[in-house]
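Only one structure is covered here, and it is reproduced in the block below.
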């Protein structure tokens, strides 16, 4: 019998109190006097709960989560590596935690130093000239990168004509979504049978309407596009820019630099490659690195050093403007810098090396039980197809759900779209061999179960707090708050708010 | 799988039924089978002009979203209000209560160009 | 050290299992002449001891942790109860991934649902999402939504919006179609707003309390906006919403603001040099299908057990791709968790008490400043927990004096506009004691040339 499955609004009651506040030590004048004529609210219907009950509530909820400190997340293109604990402590240092960006450069030399050092080191790692830390997520970085490209085309009088972006059919969904945000058009180019982009089709698609190409390297199949320099050269020939989606940077760190492959701009997911914690969905960090010709367009302000003093420079006439309230997710960037400093040059090279080794070992092992659409060596991730299990009436979704029973998070499923019943697997470099073996054994057991007891897979998971949830019903009923069932989306409200 | 013979079909899995100068349009049971649970349908307003082959709305399932393509050109004269409150009707009765729009066709010839139930069934079987 | 737990022997064994002789065989698809031939030149390697020394030194060179702060301007020094750190710092919350497999993420999903519920309550809106990058981008997304919803292009800003919010909005809208209605006496005048509207206006955006801390007239603004067929977008501080009539709720014949967005950093999060922050996004139910970001909904499993799932995912980039309403993937998960814990700990009374303390202390500052020669309030309207002080010297000089005397006396508005160089934006939170306030007054006196 569990006491503990109530929401906050079902707990506590009148008179329950959390931590108290100091008594008011300035003259207590009535609010009506201090806020004359200001309409105040009649009621605030938030729960009242004591601290012990709040703690129990959230601790109980915490026990319902899988997390990287507990077990593997072999999610392709997510790079769920260990989150070093020293980094959390450093980000929480009061000098960082309390620093206020509007206090002036003199008061914030320490914070500015973090940003400058991180920019320099990310530029070195990626082979670019300059970095902005304002974007706070990969998607945010994509948007910023495309805006930089647009600004560059405009500076050359080609802003109106260049409205198309070419992506491979293996691209992550944020790529076309970001293109759409710009009001541009996505042109998709198919991959060849080797999993790499069809170079001839790409060249045919390139013309003077192309603003940019957007590529992930290695691609979402975990394959390094051998012809990538031909790709970027072809794009440059028609006057287009080359954007790299940095989601798979973990395969490249210390091995090869995107700037050396002909790219002009990329975003970096610090919550992937640089170990910052995922927090249940954020915060992340999406710094953008650019080649020298795009540097003048970077979001303002930028950090500069002169005579040992650091300052924020706002006078940047070609800047695309701000994309964030301040300078990006500083608290996350501290962690990324600490991680890089912990590793140093040798450690960084070790990252891609071990990531690639782990992925290839796992691929070789799982090739015995699963179909491998691209059997050659992979980089840091690879894709299996669960197609072979269809004969037993089992789908990739069922494989994913059954893994949850074994204490392993599912890999990325049904992506990339070009592989049927895809399972995209990325172990990362911080998994030890016994965890890789355990994961492989779970996957093999599932294949055996598919033949012996497919129903067990189709109804998985069995050992989690809830089973498969009815998502169709949830989307139709749409209860999004505890207050009352959400009014149906077709209800009329303000005259202007009607669809 | 249902392939009623009293309607005609498009390659994009819509069906169209002509009755008394009005064409009723919906999506086929093959479409609903592929989509899964329909959670929302975005439909045009009465009076909107549609063009054959162009998108006139969107059908949303849990994990996919699909455009709806007009089988014939014309003016929307009626929209099925019931599926706003109960999108499940599309899954339960795709050829019946789950209908979507009624069109007054602009070009009488277009309806005849749509696929017969036999041709549509072949199309579906082939893609498997 | 790279957090890699593989021995040389294991590496060799793995290479053999794969069927290659050397690691280099695995990366032969990377052209040899593209590969780095040298080690990267970066900081490190550093042990924890060395890291603490280096980064600790940088942190200590910031002024912030040693001095009471009267700074606001979008980021506030509110108290973070100990239980927030204790709970949110746990691995289960801090190191969990996005809840795409809901069966093993009910903790995260439940917290998101509770966050959505409490934001909806605070704002008076029907629904709220799982959070956005920050208040500024949340506002930009609200403007984009208003444009696609109404089919109109122009965005009108009614009065004093935070300059950084305005800057981000302009970037997102590519600098086009943004009209700013000037503030008169610090607030938006109804007649100025009225004359700025037309059939091309998608939304009217106002901040309440505004950038100067002054209170606007939401119901009036809503009426004017709706009459012109535009949506009303309110930008509100969440602490202020503990006391103020929530703009998202209906009142009389005003159905309320269509969208309420803002920066929720004050709820259980530190300023942290401006990031990570916590944007919130709330709106009327009719707009839910156009909302960006993630949404958690109640759900049930096959055995009738209740739970939560991410819903309406078809709006999102990973499914809708080029038809996506936005490209956003992330929410500020951990900060939303912290905010939820904070709101749970304070509750309706505690939050109202925090807000009341802020109001009283800030007004006390204004009272004291009025008695110091050379200082006066720049505006006359009612204000909440911030106000603008016109100083006898540059505000930058007051701030420099303050740093020397161990107080951060406010935000120098001269950094935004040259005509504001004598203007100091002052905020006092519940953390500022009467003693802190007395020292703050001393700074003003000293900077103004008095003894």
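Order of writing sets the labels: A, B and C. Residues in every chain begin at 1.
Going forward, a contact is a pair of C-beta atoms (placed from the backbone, for glycine too) under 8 Å apart; a residue touches a chain by one contact, two chains touch by 3 or more.
As the structure is a computational prediction, the values presented were derived from the model and not from experiment.
A.B. asks: If you average the C-alpha positions per chain, which one ends up nearest the average over all of them?
C.D. replies: Smallest centre-to-centre distance to the global C-alpha mean: chain A.
A.B. asks: In terms of C-beta pairs in contact, which two chains are most connected?
C.D. replies: Counting C-beta pairs in contact for each chain pair, the top pair is A-C.
A.B. asks: Could you tell me the distance, in whole angstrom, between the mean C-alpha positions of chain A and chain B?
C.D. replies: For chain A versus chain B, the centre distance works out to 38 Å.
A.B. asks: How many angstrom between the C-alpha centroids of chain C and chain A?
C.D. replies: That gives a centre separation of 19 Å.
A.B. asks: Cα centroid separation between chain B and chain C, in whole Å?
C.D. replies: Spacing between the chain centres: roughly 45 Å.
A.B. asks: Two or more other chains touching the same residue: where does that happen in chain C?
C.D. replies: Correct list: 289, 312, 319-320, 323.
A.B. asks: Which parts of chain A, given as residue numbers and ranges, touch two or more other chains?
C.D. replies: If we look for residues of chain A contacting two or more partner chains, we find 471, 473, 475, 488-490.
A.B. asks: Which residues belonging to chain B are in contact with no fewer than two other chains?
C.D. replies: Within chain B, residues 39-40, 60-63 contact more than one other chain.
A.B. asks: Please give the residue numbers of chain B that touch chain C in the complex, ascending.
C.D. replies: Its residues touching chain C are 39-40, 60-65.
A.B. asks: Applying the document's contact rule, which stretches of chain B touch chain A when the two form their complex?
C.D. replies: 36-40, 60-63, 84-85, 87-88
A.B. asks: Looking at the complex, which residues from chain C come into contact with chain B?
C.D. replies: It is residues 289, 312-314, 319-320, 323 of chain C that touch chain B.
A.B. asks: Considering only the defined contacts, which chain A positions touch chain B in the complex?
C.D. replies: Spelled out, the residues of chain A in touch with chain B are 471-473, 475-476, 488-490.
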